[in-house]
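Quick heads-up: structures coming right below.
Next come two complexes, and both contain subunit A; in the first it sits with subunit B, in the second with subunit C.
Then we have the complex of A and B:
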């Protein structure tokens, strides 16, 4: 790679696949005939695959490739695959391809590599047959895994009943070969594996040997509780080592120590090593090629003010190459990187896009239904269970079906083309695809219909995979009968489908950002940086939010200087309009066209905008525990940080200071972890030790959750003599104000689990890790914008992993601590992520609204208003007609849930595409005359 | 469409077609991806439909609604297996209940005619103010609601059935009572009311009621 921002030239080398992608249909016939058995890399080499194979079942594109184990390539011996391939897709003449591309910016999303425990003898991996890694286990649990979802020992194919997980393998250790940092994801993925194992096998006995349980992610605390509460699941807090393998049984003995029982050994059928995350294998090459700096761990070096930017302008980093991260962070950093590139390359936006032109839509509304049915094999996914040819024969006998055909993969490009061609040739006016769930491929097949000049709503999908072949693998005859039933129902519905129009709605190009903290300001700047006006609404007099009370971060950021700079950028940006002391009064409209009424500094103002970002932040819990508010020696961590920045001599000169973690959360009222407090405690203790090395500092904790690189700071604090004492919620510390020998202090009594006795800690200062709690205004804001809340009253995103900055309500986005407590760099990541999603909306001139909305047959409406009360979206209203008041649907606001349809006493309101006619005929077709009469006779 | 779109007509039509069991799957309660929580409507409809089934002598266990997320494929499989077992145990529709197919269909069709009326009543008298599963269960399983439902549904079902019978042929009160297994005095009360409403008329010559 060479060049600079705006003009990079990258040479790419593509290894040959030896398969012509366009010709391969993914039918896997070649795989069946290939004679070479070779360990399957995707299944962790537990099972074998062939030299020619599809890498994994959801690979994109879903076509085969030939790897180095191929006999033809190695010894020029075999050519069977070329012979069996029906489409002539095999091509051994392919060579390494070099391509040069010219780009303006680059995103590095090279991910991570799982830690390899075979580098160290002590883990027993590869040395003992039944020691596996969590990645191996992940594949064992998978239905596309080595034993098709059965958890078996590869050594003897026996099902392990007693399974142990050992946590922190390769992580949180300073020994050579291990990583000093915490990988951050292993606690929760292990809990997931335990829950799945118990789901597979009720009698499984699962033991987890762990250090701290780090359930710091959103909803993770509840998830941990769920895993822990399962019968036959035991969490044991102990370092554990793999002791030996028992020769006959192949079982593995694990040695561990607990405070109650001392050193013990236990035998397990299988041991799972919960391996951590290493930087990508090629991190050195990546750093050299792209000229970017790495940190001491081999991950990308970034600044906490913008963790998406590398040290080289124009090159960005997203995902776990930033450092160990979970899925939601990976998703929003990806979106964030796109937003930052948008800021750089906005002037070229849309220049490479080409408009898709469809043929004219044929009006078939006057024709009788002519249905074409395509039954998909899905490779072997469907056809290995369902008899596809027999299903096709049956379908041909159904009313209105004029054509039926089987396809290997209906979703393949050539199959879609075939559907289009046949629809034209045979004069089809409705199409049924009997294949998979409409969730993924309905958009593709709708597109196929448009290509054939048919309205896209003339499509119905019959799901004979997820709801048939995948669940009835062992009952082939019954599954075939069921597939026929499903298709018959689909055909019945298809006759009643109607052509529907989708709307193009204009998009207002401005954004509204609610909340002027770090997240809100960062998001506003990134949106404005791409040429869009932003209305930034802040409830306080000044911008800054919670960050006003934070002075430094563990990474060493001077928060106040950074914040002042950020605020200046906001005020100086001509596209950002800030409203102070503002309250949201009313929100009307919908995706692309919102009107928000606010009251700001005594005036009422209306804002027109296309997108909304909710970045309202969070509050700090005011402790009622531990003498807070009663005794001036008791602080919260935030207060303490502020006092340290002010140079409070009483605190800096203290002889002894105690911190108590988890105050106001991880309890019944707030059943979640506030995520940031362990980091804050360590940060404050390091600051104190720096100023006053003699100070005795005690941190009373439940689980230290210094995930990621923060682990290094935790270790440093311990090395500097900060004492960490674990307590349990059943026996929490007790604080009492005492005066002894003229010295006023707080006496904290806590049980020491290691020494097994009660410790009395006399502290000059007591600092409490007060929980981060949802903003007081969260309910009000949620109601205005019609968005939902999670059980803990933080904003609920559309999907916790895959859509972490979007709401289910279209056009509304979220970022920052209103989503869940998080550190400043994480908030910044998410703010850029939200900006990226906002831009995908605002950069368009129009958005498309679904055609499946409700409509009213005016003559049948009796003005009872049942539909109006049933609608949550205010999409239905009365209007005056010569025949009196009648209900009317605003199709733009209607979300197509159809609740009104089920409430209307006269069936005057109908949900299009899911009409009574269509659905009742589908219900009628669920049972055949033969079945009905037979049953009544019996 | 939302599970709340599954209306009473869908459920009763399926039974009327001769299905032995009906299963409704919805998203998890309180985890609506929108703001509607329409799955509570599905829950309310389920309770109503069960009440109707019980009223016409069919086992309410033939209808089941379960809530699960898109990731709960295994739960769906479990529920389906369990429900299939249960329905198999109950046998063909009407068999355990001691009715023949014709009778079952007759009663279901009479009930289906009342759906528009039930929709009106539901809105006014059978709506639960709080959206929690507990509140719904308590409400719909309370004696008071059972009584209320029987009061508003019972008579109308009888009348609906009478109208269907008379639609085929004129009949005397005694014959109607016998065919529907009703008390003759109740039937004549219904007949009086119905002729007042102009729905039926009495033919003195044949001593039969006929549709007006």
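Then we have the complex of A and C:
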């Protein structure tokens, strides 16, 4: 790679697949005939695949490739695949292709490599057959895995009953070959594997050898409780090692030690190593090629003020190459990188992108239904169970069906083209695809119809995969009969489908950001940086939010200087309009067209905007425990940080200081972890040790949750003599104010699990890790914007993994601690992420509203209001007509969920695309085996 | 942000020239995304939706990354695929 921001030139080498991608249909006939068995990389080499194969059944592109084990490539023998391929897609003449590509910016989303435990003999991996990694175990659990979802041992293909997990393999260890950091995901993925194992096999016995349980993410604490409560599941807090393999049984002995029972050995049928996350395998090459700096662990070097930016302008980093992280962070840092690139390259937006042009839509409303049916094999997913040719023959006998055909993969590009061509050629005006669930592929097939010049609502999908072949794998005849029934029903409905119009709504190009903390300001700046007006609404007098009270981060950021700079940037930006002391009064409208009424500094103001971002932050719990508010020697960690920044000599001169973690959370009232407090405690203790190395510091904790690179700081604190003492919620510390020998202090009594006795710690200062709690205004804001809350009253995102910065309510986004407690760099990541998602909306001129919406037949409406109560989107309102009040559906707000028409007592509401007529005929077809021609509308 | 690196006008003039020269060339895009896992896929989708031409580069035979190998995701046990 060479060049600079705006003009990078990258040379790529593409290895040959030896398959012509455009010709391959993914039918896998070649795979059947290929004689070479080779370990399957996708299945962690637990089972074999062929030299020619499709990487995995849902691969994109869904075409085969030939790997190095091929006999033709190695010895110029064989060539069977070329002979059996019906489309002539095999091409052994392919060579490495060099391509030069010119781009304006680059995102490095190179991900991670799972830690390889075979680098260390002690883990027994590869040496012992029944020691597997967690990645291997993922494949074993999967229905597309080596044993089709059965967990079996490699040694004897028997099902393991007693399974052990060993945590922190490759993580939190300073020994050579291991990583010193915490990988952050292993605790929770192990809990997942335990839950899934117990779901597979009720009698499984699962033992987890762990250090701290790091359930620091949203809803993780409850997830841990769920795993722990399962019968036959035991969490043992102990370092554990793989001792030996028992020769005859292949069982594995694990050695561990607990404070109660001392050193013990236990035999297991299988041992799972919970491996951590390493940087991408090629991290050195990536660094060299792109000229970016790495940190000491081999991940990308970034600044906490913008973890998405590398040291090289125009090159960004998203996902786990920033540092070990989970899926939601990988998703929103991707959106964040997209937003930052938008800031740099806004001037060329839309210049290279091509718009799709569809043929004119043919008016077929006057025609008799002419239905074409395409029955998909889905590789072998359907055809190995359902007799597809017989289904096609049957379908041809159905009324209104003028054409029927089988396809190997209806979703493949060439199949879609075939459907388009045949629709034109045969004069089809309705299409039924008998394949999978419409959830994933309906948009694709609707697009296929548009290409054929048909209205896209003339499509129906008959689900003969999820609802047939996948659930009746062992009853082939019955499954074929059921597939015929399902298709017959679909055909019956298709006859009644009507063309519907989707309409374009203009998008107001401005955004509203609620909350002027770091998240809100960062998001506002990134949106404004792409030429959009932003209205930033802050409830307080000044911008800054919670960060006003934080002075440094563990990474060494001077928060106040950073914050002042950020605030100045906001005020200087002509596109950002800040409202102070503002309260939201009313929110009306919908995606692309909101009107929000606010009251700011005594005035009422209306704001028009296309998108809303809720970044209202969080509050700090005011402890009622441990003498807080009663004794001036008791602080919260945030107070303590502030006092340290002010140079409070009483604190800096203290002989002894105690911190108590988990105050106000991880309990019944707040059943979650506040995520940031362990980091704060370590940060404050390091600051204190720096100023006063002789100070005795005790941190009383339940689990230290210094995930990621924070683990290094935790270790450093321990090395500097900070004492970490674990306590349990059943036996929490007790604090008491005492005066002894004229010295006033707080006496903290805590049980020491290692010494097995009570410790009395006399502290000059007591600091409490007060929980992060949801903002006091969260309910009110949620009601205004019609968004929902999680069980712990933080905002609930649309999808915990894949849509982490948007709400289920269209056009409303979230970021920062209003989503869940998080560190400043994480809030910044997420704020850019929200900006990126906002831009996918604001950069468009219009949004499309679905045609499948409800409509009221006014004459039949009796104004009972049942529909209005039923609607969860406030899409229905009464309005005055000469005949009195009548209900009216706002088609933009309507989601077509069918709640209102089901409630309407007079059938005055029709749900388009799901009319009673169509559905009743579909149901009739289910029970009428002998379908008489002409029964359908003709 | 990186806006400070070069004056915007300079970049614009520079790149406008470049675009007019190479717009017809097939290997000219706005952004290259290196790595087709969940993060690379999301970045590509967002950029394309926001009006940029993207090259997504993946070393393996399929996009999907490690997430494609996972069975389910925590804490909802949703299907990973």
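Keep this in mind: the second predicted complex is superposed on the first by the 923 of 938 C-alpha atoms of A that agree within 3 Å, B and C clash if a C-alpha of one lies under 4 Å from a C-alpha of the other, contacts with A are read in each partner's own complex, and residues count from 1 in each chain.
In the analysis below, a residue touches a chain if its C-beta (ideal position, glycine included) is under 8 Å from a C-beta of that chain, and two chains touch if they have at least 3 such contacts.
All values reported here derive from a predicted model rather than from experimental measurement.
Contacts of A:349 after superposition: subunit C is touched, whereas subunit B is not reached. Contacts of A:878 after superposition: neither subunit B nor subunit C is touched.
In the superposition on chain A, A:786 makes contact with subunit B only, while subunit C stays out of contact range. In the superposed three-chain model, the partner touching more residues of subunit A is C, compared with the other of subunit B and subunit C.
By the document's definition of touching, of the two partners only subunit B reaches A:902; subunit C does not.
When the two structures are aligned on the shared chain, A:38 is found in touch with neither subunit B nor subunit C.
By the touch criterion defined above, A:319 reaches subunit C but does not reach subunit B. Contact with subunit C, but none with subunit B, is seen for A:337 once the two complexes are overlaid on the shared chain. Those residues of subunit B that touch subunit A in the shared complex are 1-2, 4-10, 13-14, 17-20, 32-36, 38, 41, 45, 70, 73-74, 77, 92-93, 100-101, 116-117, 119-120, 122-123.
Subunit A meets subunit B in the complex at residues 199, 439, 466, 471, 786-788, 798, 808-809, 852, 864, 866, 869-870, 872-873, 895-899, 901-907, 911, 914, 916, 919-920, 923-924, 926-927, 931-932, 935-936, 938. For subunit A in complex with subunit C, the touching residues are 5-8, 10, 12, 17, 42, 44, 55-56, 58-61, 65, 99-112, 114, 135, 138-139, 141-142, 144-145, 188-189, 191-192, 195-196, 217-220, 222-223, 280, 286, 306, 309, 313-314, 318-321, 327, 330-331, 333-335, 337-345, 347-353, 525-526, 529, 799-802, 836-837, 839-840, 843-844. Residues of subunit C touching subunit A in their complex: 1-3, 5-6, 8, 11-12, 14-16, 18-19, 22-23, 25, 27-43, 46-53, 55, 57, 60-78, 81.
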